[in-house]
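Please read the structure below before turning to the comments.
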Amino acid sequence: MESAEMFTSDEMMSIAAARQLSNNEVCFIGIGLPSKAANLARRLHAPDLIMIYESGTLGAKPSRLPLSIGDGDLAETADTIVSVPEIFNYLLQPGRIDVGFLGAAQIDRFANLNSTVIGTYRNPVVRLPGAGGAPEIAGACKKVIVMLRQSPKSFPKELPFITSVGFGSGPGDREKFGLKGAGPVMVITDLGILEPDPKTKELVFTHLHPNIEIEKVIESTGWNLRIADQLEVTEPPTKEELEAIRSLVAAGELPLAR
Amino acid sequence: MESAEMFTSDEMMSIAAARQLSNNEVCFIGIGLPSKAANLARRLHAPDLIMIYESGTLGAKPSRLPLSIGDGDLAETADTIVSVPEIFNYLLQPGRIDVGFLGAAQIDRFANLNSTVIGTYRNPVVRLPGAGGAPEIAGACKKVIVMLRQSPKSFPKELPFITSVGFGSGPGDREKFGLKGAGPVMVITDLGILEPDPKTKELVFTHLHPNIEIEKVIESTGWNLRIADQLEVTEPPTKEELEAIRSLVAAGELPLAR
Amino acid sequence: MMFLKIILLRFTQRDTYIVCLTAHFSIMSDRWFLQGFGVRPLRQRGSHLAPIIPLSEAIGSLLNDGDTVALEGFTHLIPMSAGHEIIRQHKTDLTVVRLTPDLISDQLIGMGCVSKLVFSWGGNPGVGSLHRFRDAVEHGWPQPLEIDEHSHAGLTNRFIAGASGLPFAVMRGYRGTGLDGVTPTVLPITCPFTGEELRAVAAVNPDLSVIHAQRADRKGNVQLWGIVGIQKEAVLAGRRSLVTVEEIVDELDPRPGHVVLPSWLVTAVALSPRGSHPSYAAGYYQRDNDFYIAWDAISRNRETFLAWMSANVLGGAS
Amino acid sequence: MMFLKIILLRFTQRDTYIVCLTAHFSIMSDRWFLQGFGVRPLRQRGSHLAPIIPLSEAIGSLLNDGDTVALEGFTHLIPMSAGHEIIRQHKTDLTVVRLTPDLISDQLIGMGCVSKLVFSWGGNPGVGSLHRFRDAVEHGWPQPLEIDEHSHAGLTNRFIAGASGLPFAVMRGYRGTGLDGVTPTVLPITCPFTGEELRAVAAVNPDLSVIHAQRADRKGNVQLWGIVGIQKEAVLAGRRSLVTVEEIVDELDPRPGHVVLPSWLVTAVALSPRGSHPSYAAGYYQRDNDFYIAWDAISRNRETFLAWMSANVLGGAS
């Protein structure tokens, strides 16, 4: 299980996420971690991945990691650019997108996401940027993959605010709210991978990344985490994957910390 | 009052209508009589008339009379082309258009228009083309000018079907129906001009075209027509106006009868 | 029935074939998916790219008797050749959706393909009546024609709702007109903020939406320009979609005012040069106004109409 | 107050001056016209064409204290120079509407111009927080900031409703999220055809909508291309509108994917080269990503922020 090379947990996270994307899939990309993973997939096994950013660029093929969803490079390399109304009303809402790829500040055990506020809404301790396109990506894409680093703060027992619905308070809630997509099928962190239990919709920890102790995972989760009976270990990065992500980051506009 | 030249009642109708359009007005044009009149105005006193056809051509400057609202000449000479959704939702519905210029098969004393059916809707004697853009042109333009030839059939006592609302059954109906524009301010026929009474909204015959007898007007109206106390006679066509309309028709794609 | 038809499709790529089989199962199991979203069901993991197939195969596989079919093109880029192919394949009991029925609908109606017309202006533009449409409505020939009639704004918003995956759209219209009482796809709705009474129009999601465009590339990406009407919304509202094109090219170089429909939003593309005649395709050929005028005489009586169709459409030429 | 401001406008053409006076009276008499239609009131017989005027004059005459002002541009073509002019003119008590508040809103908020923010994503794209926005929300500095918060889809549909002259728009969203309870411009609505519960969002009709575009011609016709975001809808939703442009040209030659706003849909145009910096104008200059990253440090505390604004905006340079 040891990789031929050293790698960071952030690299493992991006690589694990990139592996989830198939060629020719239509993928709606949030900026930051998801954008890094999607562009990595495009350089590896999914050269024809169809990337959509909420700025309206369809089929963008950026030569380097964009800093923002509206970078000129995205617009110049896109198959076509549509308006923001078209992105949300004609492409997202009707459920045409295969995969929604989201980050968030916090996630709960039913894969609901918070990117709005820490503290209370009226008296915030930390005011986060807010919803953006996330509620519609989480609601309407055929499936959703979430990426965030795992810690007691980012995996709290209870969210102070639900920005985007995963599975609400459990089975049936997505249907109740009229959300048409299947919801989050996978949560990829720097420690491993979580997947919803098909019946209860509670997130189950199914894959441990190489070199990570399971105790670290449990400590980094604010709720009583369910671990899969058959816990697997994530395939370590290949040499090709590591080279690709390092050249991507080196050439990118993205500050290295993100 | 005699013109220097002979002219037909159809020519007088088009010329009288063209005179109502001012330079720089934004004018929504129906095909047929309105299109002829608007293009005549553009060749005379309103070279910068902004013509909009429901096909989405904004600022069309056709070199000849178009046969349809979607002729290539309209598209090629337009300032820009927008989609049909934009025409109806972004330009017409919000009331941005100065003048709506409409034809119809029939009109009643409150300037309601029928272009749907003669007979009953379920058992039509003559099935007409239907609404198209007319209800929205009549409803939402700041003001509306209607053109049609006057006869007992086209000016019936009661319409078999209201396709487009003029003043409904009288004062207050436009407000009741949520129609924001002022409604028809003028009806121009081959015999003269009718205008709504500011209080009752009933059409009053205010201008008699040259060489027309008032008896002919009364005979050609299916209801008990109100004649203005101060009935005026329409200014006859000038030489310039006649030359312009004849060259327009000669060069046009429009069959001469229309 | 549909299952058989889909299987019989002879796509060249094995992948696409598998995708089509999958499609059938999702039709069976996920009816909400087809209804609520109005997206073609041809998708597995990895999105379906539109194959370029012959027009006869496209109509044969994508359109079934009894289907609702939108044929859009606002005066420009009317998909005439697709209409002719529908006639040649003797499709029946169709609900045709089209803002301006035009000659294409006149022919489909006169040839007995259509049991219901959803429309907003049924005339011969600049010329006069659509005689076959009138004959069907006024005299039930060759069969009675049910109508679901709107204003352009109303049917436009039905397409917008369909394209948006919503069950309805809101507009200010219909009130005070005769259509408000006779069209069941229009209902009152009240603004929850202002109390204003407006009208809701029901989404239209055709089983198949057909448009004509100038060009596609070999991957099935579509490009159209000039008067683009309601075509984008029609394609997006359709559960399946077919685009006939003047030309297949290697690269879609950008054109001012163009609409680009990425391949993954289209079910299939078919090459059909002059496929819009007597309508036109900007940059390729002009509107044949003489034919629109001539159609008045051809279509005015049943015999001359049938003779013309027999000679010009059923014979194979179109 | 408004009356005086309008009179004080020194337009070069007498015609335009008269039009402006007329505008005032229609504000007084036809409140529904302004509210329901969201169109600028500057019109007599014959439509108003947008005059090209200096930016300072445009902000001075078109924006009043207490107004609602939309500043749109989705990462691209952000009207930064107009924001700076608003700051220089010490406008106060503004309600700012913007999907992605970005640096322009951070500066307006930090300088005390804004009492309410209508928005859907308030961060520094790819970098992190908007510190001035956070300071206002978390600590009420320099004054408390009321917020009306949406998803992008929700605020987009509020602009669409505003542009369409409708009081609301319908969407599938908000249900199950925290925003559903805290945002008063979102209410339930039921489909009259299917019974599905959806959400209605209230139209937004700013007193002034400001966008930045690449070019205008001398008649005030505007052209923009690249990522066009929600700009068309913002302009159409505005009761008045201002477009700052990189360049005034004789002819607007067509560009692929361009949006053209005819002069009669725009209230005024102002020349403002590099008016979007540190955002960008495709075809003119690139996004200054370094500045976005630098802004994090500049804006992190009140003193460095005020010093930077004083040196770079209030001093006149922008």
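A few notes on this one:
A, B, C and D label the chains in the order they appear, each numbered from 1.
Heads up, the rule we're going with is that contacts are C-beta pairs under 8 Å (C-beta built on N, C-alpha and C of every residue); 3 or more make two chains touch, one makes a residue touch a chain.
What you see is a predicted model; the values in this text were computed from it and never measured.
Path length between subunit A and subunit B in the touching-chain graph (shortest route): 2.
Averaging C-alpha coordinates per chain and comparing to subunit A, the farthest chain turns out to be B.
The greater number of contacting C-beta pairs, out of the two interfaces A-D and A-C, is seen for A-D.
Each chain gets one centre point, the mean of its Cα atoms, and the points for subunit A and subunit C are 38 Å apart. If you average the Cα atoms of subunit B and of subunit C, the two centres end up 31 Å apart.
Multi-chain contact residues of subunit C (touching two or more other chains): 165-166, 171-172, 196, 198, 232-233, 257. Listed for subunit A are residues 80, 89, 93, 140, 180, each touching two or more other chains.
According to the touch criterion at the top of this document, the contacting chain pairs are A-C, A-D, B-C, B-D, C-D.
On the side of subunit A, the complex with subunit D involves touching residues 31-32, 54-57, 66-72, 74-76, 80-81, 83-85, 88-89, 92-93, 116, 121, 124-136, 139-140, 161-165, 168, 173-174, 176-180, 253-255, 258. Remark: subunit D residues 32-33, 36-39, 43, 45-47, 49, 163-166, 221, 232-233, 236, 260, 262, 264-265 touch subunit B in the complex. Looking at the complex, you find that subunit C touches subunit D at residues 165-172, 185, 187-189, 191-194, 196, 198, 200, 202, 254-258. Only residues 22-26, 50, 58-59, 79-80, 89-90, 93-96, 98, 140, 180 of subunit A touch subunit C when the two sit together in their complex. Of all residues in subunit C, only 74-76, 99-100, 119-123, 125-127, 129-130, 133-134, 137-138, 149-153, 156-157, 159-160, 171-179, 182, 196-198, 226-230, 232-233, 257, 280, 282, 286-287, 289, 292-293 touch subunit B in the complex they form.
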